[in-house]
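Chain naming follows the written order as A, B and C, and within any one chain the residues start at number 1.
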Amino acid sequence: MARIGVFVCHCGENIGRTVDASAVAEALRSHPGVAHAEDYRYMCSDPGQTLVREAIAANRLTGVVVAACSPHMHERTFRKVASAAGLNPFLCEMANIREQCSWIHDDREQATRKATAITRTLVEKVKANAPLDTIRIPIERRALVIGGGIAGIQAALDLADGGAEVVLVEKESSIGGHMSQLSETFPTLDCSQCILTPRMVEVAQHPRIRLYAYSEVEEVSGYIGNFEVKVRRKARSVDEALCNGCGACTQACPNRKVPSEFECGLGKRPAISVPFPQAVPNLPVLDRARCARFMALRKGIAKAVCGKCAEACTRGAIDFGQEDRFVTEKVGAIVVATGYQLYSIGKEQPEGEGLSGYGEYGYGAVPDVIDGLQLERLASASGPTGGRIVRPSDGRVPKRVVFLQCVGSRDPARGIPYCSKICCMYVAKHVMLYRHKVHDGEAVVFYMDVRAAGKGYDEFTRRAIEEEGAIYRRGRVARLWRDGEVVKVQGFDTLAGEPLLLDADLVVLATAVRPQPGIRALAQKLSVSCDQHGFINEAHPKLRPVETNTAGIFVAGACQAPRDIPESVAMGSAAAAKVLGLFSNAELEREPTVARVDAAHCAGCFLCERVCPYGAVGRREVRDRAGRVLKVVAEVNPGVCQGCGTCQATCPGKHVELQGFTDEQIYAEIAALG
Amino acid sequence: MRELRELAARLLEANDVQVVIGWEEWGRGVRPAFARTLAEADRLVFDQRCVHNLATYLHPRRKHIRRLGRPAVVVKGCDARAAAGLIRDNQLRREDVVLIGVRCPGMWVEGGAEGLPGDRKWADRCVSCPQRTPTLCDHLVGEDGPEPDGPGLEAQVERLQALPMAERWAFWSSAFERCVRCYACREVCPLCFCDRCLADKSVPQWIESSPHQRGNVAWHLARALHLAGRCVGCGECERACPAGIPLSILNARLQQSVRERFEFVASDDPSVPSPIGQFRVDDGQEFIR
Amino acid sequence: MAAFQPKITAFVCNWCTYTGADLAGTSRLQMAPEVRIIRLPCTGRIDPLFIIKAFERGADGVIVSGCHPADCHYNHGNYHARRRFAIFRDLLDFVGIDPRRVIFSWVSASEGGKWRDVVDGATATIRELGPCRTDTGDEGQGRLACAS
């Protein structure tokens, strides 16, 4: 039998001026199922709350309706009062007779009548309310960070310093990401390796960080607090336990002509190599696609070929038979920090991304037309030219370098409508690096805008123009082509109003920033969503920038959107803070207003699974006593469900109910209208 | 048809299936048949009287059919679409059934038209059928026949849609008022497979159970909505209805709706999802303020 | 004859429209009093059955309102709702139930003014269309009659 208590608040004059609160209480007193009704001036005040608490006990109430302000104001307050009185908090609802009644009408009779009707509706709802208990989920206090670039490194260090254990998975042989390829960073012109490598070493040496380099995430299952991750540790052909990083194998390798990925194709490496001298971990990788021994094996030649690296190794660490290994890690949270790649202007583009190349710039086949990362390698002291900026074609020092901004970016026709954010800044930086090294060189920049919004950024770009003498031309370049020794640049200066035809010794393209290849497959494994460009979606563009819509999975750095280093670092720290916040509770407490499937009647059509925005619906086998599978039904994971109820509206038979907003409760509210 | 009978016999002999579900002669018409022996297989027929959607025997509520063993089912275009719907909604596994596709010439209904034997005409739904010959099948028998012709269901939908609203309401309200809530439409439909139908739920009772206009309207609107994007247009619901409620027209209107709004036409490809349960960011919202 | 006081049920989502309605209240925007709000977590939770039941139980009009597309608190509850409502509306219209009796809107948490306009607009429309349910027939139990 329902014994509902109704408490009508005057809220001083806020409600009392337009709504006769006593009359509302009086009307509800005789409503079926109401055991107690009273009004009070300020229900949320201390005495008001006491009044409610004591009334619950004195009248043995089975439910409470507080007719007052919006539940967004005080639902939590009154639910706490109910708890304190021993009544399940979900048996307490609020009737909004202030924001949605007394404040929007001025006819006292009409407003009072409406307030009475609203309160009656909530009383009918509460009669159908069921007690709900907070959901508690255990948490594994370990975090997985995917990606060992600067964002991932920052997240890993902050997490580990915060007391959590970290598993850091990086697909390349060494951590460091693109930042390790840069020569100097804007706006300070810090040496990139100098500020990065100490962090890399800290990661390697941190007692709470387990580093899996040259590894990839293979499979992810589970949910927040309880993920299980299978990591593929790719075969280096080197036994990590024995290798001491001496590099003798890389010296001994006779195949020294492999284009180096780290050098962006401008330098060569041996078949067994360490990407760069400061690599962490300092372990080589044998590139089996280029190794003579493995090439012979693939051709079917029985006799073993070469093997000079194994001969040179004093520790016997080379293992040609090594295979990929798998490890499984249990973690409570995941941070995705996989970074970016640069767009290529070539003819061949990844399928299904809507991208096309730049035929007018020669599809990447014109010599001495390079991109930003390639220039960074040329400018780097540890790069293929020892820091001398020279033309890749003939090694001569270029006397005029033309920089093109917005190659690919802001171009819906190429499939990249967004701005890549960092290019205006790094082009200004490139200008400075060039001018510092080639004092009589001329730097020309074709730009649409100069976007320099960060701290010290505008001053930096002004310096490039005013102090370093860069010539900035506002306009696009229509065509690039080779003519003898030079690259012809045909462009337009819209401010001067004149077409330009320049002879460039070297052309540098500021190509668009895109997410890494394989991001969509990874996102699918994690059940996170990507936007149409492949960038990982944040939970809310303004207020939740490092969370995703999948509980327990966070995002940091350029995999979410084009980002510079300070932002990537900030996001790494922010993601770590979110994870540490999650880990700070003994258990994960969640609101019980989640969906629950009626397995007895579920028809197993899984429409609910399809519409759930969070992947919270799984499948469960229902077996008989002999163990035979009778049917497969849907099951909602209470740790992941966010309580939207889309599943219920989609289910044809209503075999899934959203607790707190069940069909019965809503029906009661609809029926109370009359 | 010899081809069909021989195929059925082969399947039964090889014990690939334990029952072939098709049609056999019955009075002046045909009825569904469950051939388990060679003699029974020899009685199978197929022609323009075979209106029944045999895919309805495939959904899990038909436990008495399941007990007969692994079935082969003769499917017309609409029946194959229904089988695809069952696979799509996880009610049937493709490997658990052998589908014998048949080149459907379209079905006859009583009515009268020139140039056809007897006093029969093509069913409107067959004139409107998007694909009479199944793609989803393990075998394909039969010969192509003449195209069914006639106004089709679209013409009926258009005619009603063109009436003023009060007349449309009068038409449908009186149609629904005739409903006796026998649920024959639901029972015969291959895609109404819920163990406990929403209409049988009493707490809360969204759909009043008594055969009163109010509850009847709710029942038919709810069923049409649950079939939106799923109905295969087999017309069995209308054929089974003892009260002559023109259910095909109601379902056809929603087929038109999903076609116009979401470019969806029911097909027998189970990998194509139903449009309800999907969305596009640019879905139309002209009706939303 | 007393002026017809329409009864309008509004199904709104908690995060956008309900908050927008609260904002209208905080801003003291005056509006027609005939709308009764039922709070739901998301428009994705709204079943066409709710709307039909509301009409059966005496509503003359129904408002359905939620977050703008792309702003759904639960990512895409409102996208699913949008498709559902589009089909529902086509069906209502075909059957002869005046679709003007069901008013759909996207009202964000900051659009108090828009909520007032939706409420006032809906009330005016329904007043013009007249009562939905006709209380004639057996046992005084109303038949559904939402044509205009």
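FYI, a residue touches a chain if its C-beta (ideal position, glycine included) is under 8 Å from a C-beta of that chain, and two chains touch if they have at least 3 such contacts.
Values in this document were obtained by computation on a predicted structure and should not be read as measured data.
**Q** From chain B, which chain is the farthest off, judged by mean CA positions?
**A** A
**Q** If I rank A-B and A-C by number of C-beta contact pairs, which comes first?
**A** A-C
**Q** In whole angstrom, what separates the CA-based centres of chain A and chain C?
**A** For chain A versus chain C, the centre distance works out to 37 Å.
**Q** As a quick test, compute the distance in whole Å between the mean CA positions of chain A and chain B.
**A** Roughly 46 Å, centre to centre.
**Q** Going by the contact rule already set, what residues in chain C reach two or more other chains?
**A** Residues 53, 76, 80, 84.
**Q** For chain A, which residues are shared contacts with two or more other chains?
**A** Correct list: 611, 650, 667.
**Q** Mind pulling the residue numbers of chain B that touch at least two other chains?
**A** Counting only residues that touch two or more other chains, chain B contributes 198, 206, 276-278.
**Q** Once bound in the complex, which stretches of chain B touch chain C?
**A** Where chain B meets chain C, its residues are 157, 160-161, 165-173, 198, 206-208, 212-214, 217-218, 221-222, 224-225, 228-229, 250, 253-254, 257-258, 261-262, 275-281, 283-285, 287-289.
**Q** Of all residues in chain B, which touch chain A in the complex?
**A** For chain B paired with chain A, touching residues are 60, 89-91, 193-198, 201, 203-206, 226, 273, 276-278.
**Q** Quick check: in the complex, which residue numbers of chain C touch chain A?
**A** 7, 9, 18-19, 21-26, 28-31, 33, 36-42, 44-47, 50, 53-54, 57-59, 73-77, 80-81, 84, 116
**Q** Can you tell me which positions in chain A touch chain C when the two form their complex?
**A** Checking each residue of chain A against chain C gives 70-72, 96, 98-101, 103-107, 110-111, 114, 117-118, 121, 529, 549, 593, 611, 613-614, 642-646, 648-650, 658, 661, 666-667, 669-671, 673-674.
**Q** Please give the residue numbers of chain A that touch chain B in the complex, ascending.
**A** Those in contact with chain B are residues 601, 603-607, 610-611, 631-632, 650, 652-655, 663-664, 667-668.
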